[in-house]
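The following blocks contain the structures, represented as structure tokens.
Both complexes below contain subunit A, partnered by subunit B and then by subunit C.
This part shows the complex of A and B:
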């Protein structure tokens, strides 16, 4: 029943999408200046159908309709309702439906907002976006249909992987998808701008807000994913340079570059080609990332049940997309003459883009390299975090400095003569750095330089903001928030990196152990029964003999029934200064419990700074009017 | 003669090429240094080129009844059904770590039979195994 209804909705969507493509094409050939009303109605039907199908799938998960294969494989009646809903996008089929939903929503909104723009531009955008939607819809129906039936109907589902039953992970896919898939709309818009010979300025101002929105959500998705990795994986780190993380970071670099260079195009009508290329590669890298991660070529948590046909389909689709977008791009050469003064906002923004491309290249090479060696020499390798750290860290320093100065520079041309405050801030940063250095003992030169440059960025932005706020102009508030946030982020990441401490031990119940000034006592074990799992709770007492504090930490070992899995939950005590982080594990019921105890300074500040950075762009989307 | 505009543009282009090449070499050299090779215990036995102090990854099956624990460390034997490797590790183990299960460890080789691990890689679910590992185990088990 549900399955049939779902399939009808999906086929309906395909039909509507096809009609939109047809009518948009017809409408383009007609001479009149107005966009046909029928396209508006069709778009409205399309969004209604696709959202209805998504709601229907949520409904099936909530009421545990196991006649659907996707529900049977990923849900269970005993699961809390929140995770039943999260289960919708916790699997390949459902997440693909979410993907198509976001594409349609963005298409609809973009069409509505830009209805009054040049007709051919709006129509081409609609046309191309719908070709993309069609591609994904066909993929959805032909090989990843979430409404696939099973007979006989099972009485109970297999359950959702317990590691996914977590609030941060439940909201993380929709956030990230808004970023990933949101970039499809400016891919289409860029194609449309080329095909309709649009003016660069108009193109820039029409996509600007969408770039900012997708950038913010992409950032939020990455942050929430890191928070999850931090407390769930039990390693105490929040960024591992894992292929999955890299796959989300590559489009993020593109979006960051685009969010800046689009300003140059809007204000000065420069860099048109470059903005077009960025718009195109953002979406391409999003799809490529998804492909690499989903197909199992790169090892990851996100590897769903493997089906070679899936990988093949995305690969073909991707190749066609790359092929046609570049053909269109090179066929219609857009004349892009410009001359940049060395000290101007344009040059600084171009500088930002260069940095972004450098980071992108680094992460891309690191992620792709193992695949190449596998194919070419048949050696199995992976690229470790030290690679990324040693390549990216030194380049962060000039980047932070430029980030501080950039927003202050005017468009077109400026004589820079503010050296006095520059030197003053630099000295101030060095002094603060020296204070940190003496308080917290030694660390290496590179860290010192990064701390100085991030302090420089923070102080410089604060100064600019205070000067600006005297004139009551708050237009720069968003970029101030993002830039300062990024400075704070870098500062605390480096501090955290240098001052984290870690103690590993195996310990029996009732024992205590002293390392350095810290005494770890394993008081007792408790066993409890909760909603859908049993749990063993360890009670640890941490005593810092030097600073004289005492904390109780309760890590857990959870035993889930459906599917039967163990998970280890870390115990975290957070305050402004540091996180105390403790995980315990146990091998095959041995008396010994393996314990990892970590002191991670300033974790709360890292999250705060990351959210601050992401909030800037969101604020800009509201502040603009 | 070249005008000033063309001159600056030429300078700009040359410097871009120069900078790009420089940074690509920089990336490449770092990459060379930080590659983790994936091996099986027999490959370690056969290969004489593995450096003592570089970090490698080893995959295999945790041998039955081989896990020993004391106050500081966990010791176990990793096998690919042909050769064995003793692994010493301290810290927490991933949730799916147990005897007769596959594991991937990362660490420094002490000699050909002895590895000091600083990480046991988490496998996120019981069905997941690196593709290379699956192939090797399947072949050796025959």
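This part shows the complex of A and C:
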């Protein structure tokens, strides 16, 4: 019953999408300057149908309708309702439906907001966005149908993987999707701008808000994913340069570059070609990332049930998308002619873009290199953190310095004569850095330089903000938040990197071990039964002999029944200064437990700074000049 | 449409990447350690535990079996299987190669001093990258290689008495 209704809604959506494509094309050929009313109605029906199908799937998960394969495989009656809902996008089929939903919602809103713009531009955007939607709808129905039935109807579901039952992870996919699926709209708009010969300024101002929105959500999605990894995976880290993390970072670099260069196009009508390229590759890199994750050619924590046919479909779709966007782009024969003054906002923004492209190239090569060697030489290699850290870290330094100076520089041309305060801030940063490493612990030259430049960025932004706020103009607040946030983020990541400590030991109940100035005592072990799992709770006492504090930590080993899984829950004690992080795991056939105890300074500050960075762009979308 | 150098380069790069993705789709990436059984050993170069010399595939002898044992001093199950390895040491037809996995040299040597050294060759895989070749994902693991340098058996987890007998049987066949 539910399955039939779902399928009807999906087929209905395909039919409507086809109609939109057809009527948009017809409407383009007509000389009429107005957009046909029928397209507005059709768009409205489309969004109604697609949202209804998504709500229906949520309904099926909430009421545990196991006649649907997707529900049977990913849900269970004993699960809390929150995780039943999260289960909707915790699997390939449901997440793809969410994907299509976001494409449709963005398409609808973009159409609504830009209804009054040049007719051919709006229509081409609608047309191309709907071709993309059609592609994903066909994919959804042909081999990833969330409304697929099973008979006989099972009485109980298989359950959601316990490590996915976490609040951060429940909201991670929707946030990330709003980011990189949202980028589809400016892909379409870029194509449309070329096809309709639109003016660069209009194009820029119509996509600007969408770039900011998708950038914010992409950032939030990445942050929340990191938080999940930190709290749930129990490795004590928050970024692993895992291929799938990289897959979300690559579009983020494009979006960051675009969010800046779109301003140049809007204000100065320069860099049109470049903005078009960025708009196009943002979505292309998003789909490439999706391909790498869903096809299973990369091994990582994001495992979906792998089906080569799915990978094949996305790959064909991706190839077609690249092929046609190249053709359309190369058709545009207009060359941008521009002259940029060396000291002008334009130049600094272009600088930002060069940095972004450098990071993008590094991460992209690092991510796909193992695939290439696997296919071409049949050798397995893995590209790990040392590669990324050593290539990216040094380039962060000039980037942070430019990030500090850039926002203050005026458009077109400026005579820069603020050297006094520049030198003063630089000296101040060096002094603070000096204080940090003399009072805490010294670190290498590279860390010194990064810390100095991030301090430089933070202080410089603060100074600019204070001077600015005297004029009561808060237009620069968003960029201030994002830039300062990024500076704080880099500062604390480097401090965290240098001051983290890690102890690995095997220990029995009742035993105490002393390393450095820290005594770790395994007090006792409790076994409890909880709602849908059994749990072994360890009670550890951490005693710092030097600073004379004492903390109790209770890591858990959870034994889930459906599906049968062991998960290791880390015990974390957080304060403003540091996190104490402890995980334990049992060792087969012995009384010993393997314990990993970590001291991770400033974790709270890292999260705070990351959210601060993301908040800037969100604020900009609400703030009018 | 004007064909420029830049266009050709960018198009061919993208086409090449897509082709590789296509090929990657069709290669079996499932991580199965059983797959290496029956295959001949790939070329490898692993340094010795106590000096900087390198042990290569060519250094495997042609008239003896080899048992590759991957171990570490921090690994408790490795202690458990140690007596089995010591017993296997007496076997004339078999050479035992120990690969010390993600370990400190000092701890590794202390371990061998305390419990005895069953290894004819002690090698070291400090960062765990060399043993990937043998499909190692947890330790201890042991891999039995015949005289023709073919992998004939793989033991995941600590060796026990049954494994001991299996190894003796395989080594002394014919």
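Keep this in mind: the second predicted complex is superposed on the first by the 622 of 625 C-alpha atoms of A that agree within 3 Å, B and C clash if a C-alpha of one lies under 4 Å from a C-alpha of the other, contacts with A are read in each partner's own complex, and residues count from 1 in each chain.
Going forward, a contact is a pair of C-beta atoms (placed from the backbone, for glycine too) under 8 Å apart; a residue touches a chain by one contact, two chains touch by 3 or more.
Note that the coordinates shown come from a computational prediction; the quantities given were computed from them, not determined experimentally.
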Combined model on subunit A where subunit B meets subunit C, clash or fit:
clash
State whether A:380 touches subunit B only (first), subunit C only (second), both chains, or neither.
both
Between subunit B (first) and subunit C (second), which, if any, makes contact with A:148: first, second, both or neither?
neither
Per the contact definition in the header, classify A:371: touching subunit B only (first), subunit C only (second), both, or neither.
second
Report for A:611: first if it touches subunit B alone, second if subunit C alone, otherwise both or neither.
neither
State whether A:330 touches subunit B only (first), subunit C only (second), both chains, or neither.
second
If we overlay the two complexes on their shared chain A, which of subunit B and subunit C does A:506 touch? Say first, second, both or neither.
both
Using the superposition on chain A described above, determine whether A:59 touches subunit B (first), subunit C (second), both, or neither.
neither
After the superposition on A, what does A:291 contact: first (subunit B), second (subunit C), both or neither?
second
In the superposed arrangement, which partner chain does A:590 touch: subunit B (first), subunit C (second), both, or neither?
both
Of the two partners subunit B and subunit C, which one touches more residues belonging to subunit A?
B
Can you tell which stretch of subunit C collides with subunit B among 4-12, 58-66, 112-120 or 148-156?
148-156
Common interface positions of subunit A, toward subunit B and toward subunit C:
296, 299, 374, 380, 382, 504, 506, 587-588, 590, 592
In the complex, the residues of subunit B that touch subunit A are 5, 23-24, 26-27, 30-31, 33-39, 55, 57, 67, 69-74, 90-99, 122, 124-128, 130-132
Contact set on subunit A toward subunit C in their complex
291, 295-297, 299, 308, 311-312, 315, 318-319, 322, 326, 330-331, 333, 368, 371-372, 374-376, 380, 382, 504, 506, 587-590, 592
Please give the residue numbers of subunit A that touch subunit B in the complex, ascending.
161, 163, 233-235, 296, 299, 301, 303, 305, 339, 358, 361-362, 365-366, 369, 374, 379-384, 386-387, 390-391, 504-507, 513, 563, 565-568, 583-585, 587-588, 590, 592, 594-596
So in the complex, the part of subunit C that touches subunit A is made up of which residues?
1-2, 7, 10-11, 14, 17-18, 20-27, 29, 31, 74, 76-77, 80, 129, 132-133
